[in-house]
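Order of writing sets the labels: A, B and C. Residues in every chain begin at 1.
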Amino acid sequence: MKKDLAILFLALMIMIAVPLWAGEGFLLHFFILLLMNIALGTAWNLIGGFAGQLSLGHAAFFGMGAYAATLAHLRWNLPGWQGIWLGGMLSLLVALMLGWICFRLKGPYFALATIALAEVLRLVAQNWKEMTQGSEGLLILLPLFSHKSQFYYAALFITFVTVLAATLVRHSKLGYYLFAIREDQEAAESLGVNLLGYKLIALLVSAFFTALAGGFYAFYVGFIDPASTLTVERSVEMVLPAIIGGIGTVFGPAVGAVAITGLSEGLRLWFLSAHYLIYGVLVVVVILFMPEGILGSLGMFWRRKRRAPI
Amino acid sequence: MSPVLIFVQTLLSGLLTGGLYVQIGIGLSLIFGVMRIINFAHGELMLVGMYLSYALFTIFGIDPFLSLIIVAPVLFFVGAAIERIFIQPVSRAKEENQILLTVGLSLIISNGFLLLFGADYRNVTTSYSGSVFYLGPISLSLPMSLSFLVTLVMTVSLYLFLMKSWTGRAIRATAEDREAAMLIGIDARRMGLIAFGIGTALVGVAGSLLDPIYYIFPGAGGPFTLKAFVVTVLGGMGSITGAMAGGLLLGVAESLGAVYLSSGYKDAIGLLLFLGVLLVKPSGLFGRSRL
Amino acid sequence: MRRFEIRQITKSFGGLTAVKEVSFTVDAGETLGLIGPNGAGKTTLFHLITGFVHPDRGEILCDGANLAGMRPSAICKRFGVTRTFQIVRPMAHLTLLENVLIGALCRNHRVREAKPMAMAALDRVGLADRAGDLAGALPIGQRKKLEIARALATQPQLLLLDEVMGGLHSHEVDGVIALLTHLKQEGVTLIVVEHVMKAILALSDRIVVLNFGEKIAEGTASEVTAHPEVIRAYLGEEALS
C-alpha cells in the first residue's frame, strides 16, 4: 500500500508541473485527454479488472455524467462542479439498478446486458428531444474556465481522486474480496463473501468516477451528443487501458492509457480515422500474447526472476 | 385500411424482417452452441458479406441473390480462418478474454472497411430494390419476401444437415457434451472450426440479402451483432429452432412496436425484451443444448 | 461451539432424488464420518448444508435456527459453517497468503490484523514458508492443505471436509490425519466425507452411512461396519451370505 501511495504522489508531483512547460495548445490538450483516459480506465478496472465482471456498457455512466452536468448547467444554471456531482449521484442510482439486474447473470450474459443497457440509454438520449435535443446534441456556449490549464487541473484532480480510490480499494478487504470473486465466485461464497453486495459496491464506485469524468468531458469539449458519449465505441475505449496496461493492477490502466492516448493522438497527425483499427489490433495482440497486460506481464516476469535459482 | 388489416400488415412485415433476423442470428446460435463462445464480431462478418456482394454487383453486375452462391463458401473460409488463427489459441483462456478478442476483431474488420471503402453510405440498387407486391390490400416488399424464402431454404437445409448427415450429428454431439464426443472419437476442434465456418457463411449470406434494401457502410455491423444476440438469447443460446422462433419474434415485436408505440424506440423494444428474458428465463424460450 | 441438526432433508433434481429424508445430529466438538458408495448423495448433502443448493423439504438447524434457504456467504458468516471442495478450488492467481486472507477477512475487517491470522492458519497446515507463492503453482497435496487453511481462517463452528485425502499418497494422508486430529483436540466440529477408511476410522466419533440418498446406518465404527445394510451396499448381496 505504501509503495503504491508513494508512486501516486510522485506521479502527482510530476503532473502538477506539466502546464508550466506544456503551453496552452495541443500538448496540454494531449495531457488532458491522457488524464481522462487514465481516470476512465482506472474506474472501469474496479469492476472489470478487480472484480472480473466485464462491462461493455460503461458509456452509460459516462454519458449520464455528461448529460447530467450539461443539462444542470443549461437548464437550471447550476455551477459546473455541482452539475458534475449531480451526474455522479445519478450514476450511482443507475449503477444500483444495473448491478441488481445484471449481477445475477454469469459472465457473457452480464457483458451483453451491459451493452443492451447502454444502448437503451443511447436511444433515449436520441429520441427524448425535448430534454436532450436528440442527435443534434447540446452546446455549452459559455466555457467554465478561461484558461486551458484550469481544465487541466480539474482533470488532474478527478484523475488523482480516482486512482487514489483504486489504490485504497486494492489494499482493503473490498479489494481482496473482489479479487476472490474474480478468481472463483463459489469458493469465495463458501468463505463468507457476499457476491452481490461486493460486486455492487465495486460497480457503484466505478460508475461514480466514470460519471465524474463524463461531466468533466462535457464542460471541456463544450458539446455532447449521443454519438460521442453513449456508443459502444466509447465503452470499448474505456476497457482498453486496463486490458493493455494490466487488468487487476492499480497502475495498469494508467500505463495502458499512456499507450492508447499516445498512439491515437500520434496517429491523428498522420492517419486520421484509423485509430480504432490500431486499438483492435492492440487488443488482439495483447490477448493472444500478453493477456496479463503490460504491468501484469512485468509482474509475472519479476516473480519468476526472483524464484529462479542462482 | 381497417385496424385488422393494419395489424395483419404489420404482422407480416414483422415476419419478413424476422426472417432476416433469423438468418443473422442462427449462425451465432450455432457457434455458441458448439464452442460456447460469444462472437462480438458477428455483425462485422455480415459486413464482409455485404461488401463482397456489393463488389460483385458493382464490378461484375451479379445480383446479390445470385452472388450469395459465391459469398457463402467465401465466408465459410473466412470464418474457418478466423477460428483457426484467432479463436483457437484462446479457447482455454478466460471467457472474458475470448469476448475481448472478438471485440478486437470487430474493431479491426469494421475499421478496415472504413479505410478501404471510406465512410460513405453505399447501396446496391437493383431493378426490384423498392418493389412491392400485393396480397389483396396488403403490400409486401419483394426483396424481403425473396430473402425470407432464401432464409427458409437455408434454415431447413441446416436443420437437415444437423439431423441427417454424419458431420451434422457430430457437431450436435460436440455441442451437447464436448468430452463425451471426444471420447467416441469426434475431433471436437474440427467440429468447432466447421461450426464457426457455417455460422459465418450464414451471416455472410444475410449480408448479401441485406444489400438491396439497406445501406452499406462500415458501421452497419454493430447494431446487427446486438440483434443477433437478442435473437439467440430469446430462443436460447445454442438452439437452432429457438433462433428461428427468436428471430421471428423479434421482427414482429419491433414491427408492432414501431406502428403502435413509437418508431424511434423501435430498437429499444428488442433490447428490453432481451433484458426481460435474461432476467426471467436466462436459458431462453426454448432452453439450450438442443440444436 | 454449536450443535447442528439435519432434519428430514430432501432434494430432488428432476426425476432423481439425490437426498431423501436424511436426519442426523452433530454435537459440538464431535467428528462425524460420512461414508457411502459413489453417488450416494454425500456431496449433495454438503451442498445443502452450506447453502449451495436449497432443500425441497427439511431443515438444517444450528442451535435451533434454520439455515435452509440461506446464501452460502451468510451461512459462513453468521453460523460459521464452511467447507472444502471435492475438486480443489485454489484461487490460482492469488498467493497462498492472499487465499487464506480471504478466509480470515470473514472474521476481521482490517487487512493489517487479518494477515497475521492468515499466516497462522498457513502455519498450522505447514505451508507458511510458501506464503508468497501463487496458489496455482502448488501440487495437489498442498492445494488440499491450502483449502483447509483457508477454511480454518474463517474460524469455523462446523467444518465440512469433502474427500480431503483424495489423490494423496499415504505419507500425505498421515499428515492430514494428524492435522485433523489436532483440530479435533481444539474442539472444532467436523463432518468428514472420505473413501480412505484409515482416515475415517482414525478420526470419526460416529459414522453415518448413505446409500442412494438415504441414511442406511448410523453409529460407531464397529457398529456400522457390521451392519448388514452397509455390507450389502458396498459389497453386494452375496457378501451377506
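Here is the rule we go by: a contact is a pair of C-beta atoms (placed from the backbone, for glycine too) under 8 Å apart; a residue touches a chain by one contact, two chains touch by 3 or more.
Since we're looking at a predicted model, the values are computed, not measured.
Farthest chain from subunit B (centres taken as the mean of C-alpha atoms): C.
A simple rule picks the central chain: find each chain's mean C-alpha point, then take the one closest to the mean of all protein C-alpha atoms, which gives A. Here the chain pair with the top count of touching C-beta pairs is A-B.
Computed centre separation for the pair subunit A/subunit C is 42 angstrom, with centres defined by C-alpha atoms. Chain centres here are Cα means. That of subunit B falls 48 Å from that of subunit C. Rounded to whole angstrom units, the spacing between the C-alpha centres of subunit A and subunit B is 32.
Residue positions of subunit A with contacts to 2 or more other chains are absent. Only residues 171-173, 176-177, 179-180, 183-184, 186-195, 303, 307 of subunit A touch subunit C when the two sit together in their complex.
Those residues of subunit A lying in contact with subunit B across their complex are 52, 54, 56, 101, 104-105, 107-109, 111-113, 115-117, 119-120, 123-124, 126-127, 232, 236, 239, 243, 273-274, 276-277, 279-284, 287-288, 291. Those residues of subunit B that touch subunit A in the complex are listed here as 38, 86, 89-90, 93-97, 99-101, 103-112, 114-115, 119, 222, 226, 229-230, 233, 262, 264-265, 267-268, 271-272, 274-275, 278-279, 282.
Across the complex, subunit A is touched by residues 50, 52, 71-74, 76-77, 82-83, 85, 89, 91-94, 98, 101-103, 105-106, 109-111, 114, 133-134, 150-151, 154 of subunit C.
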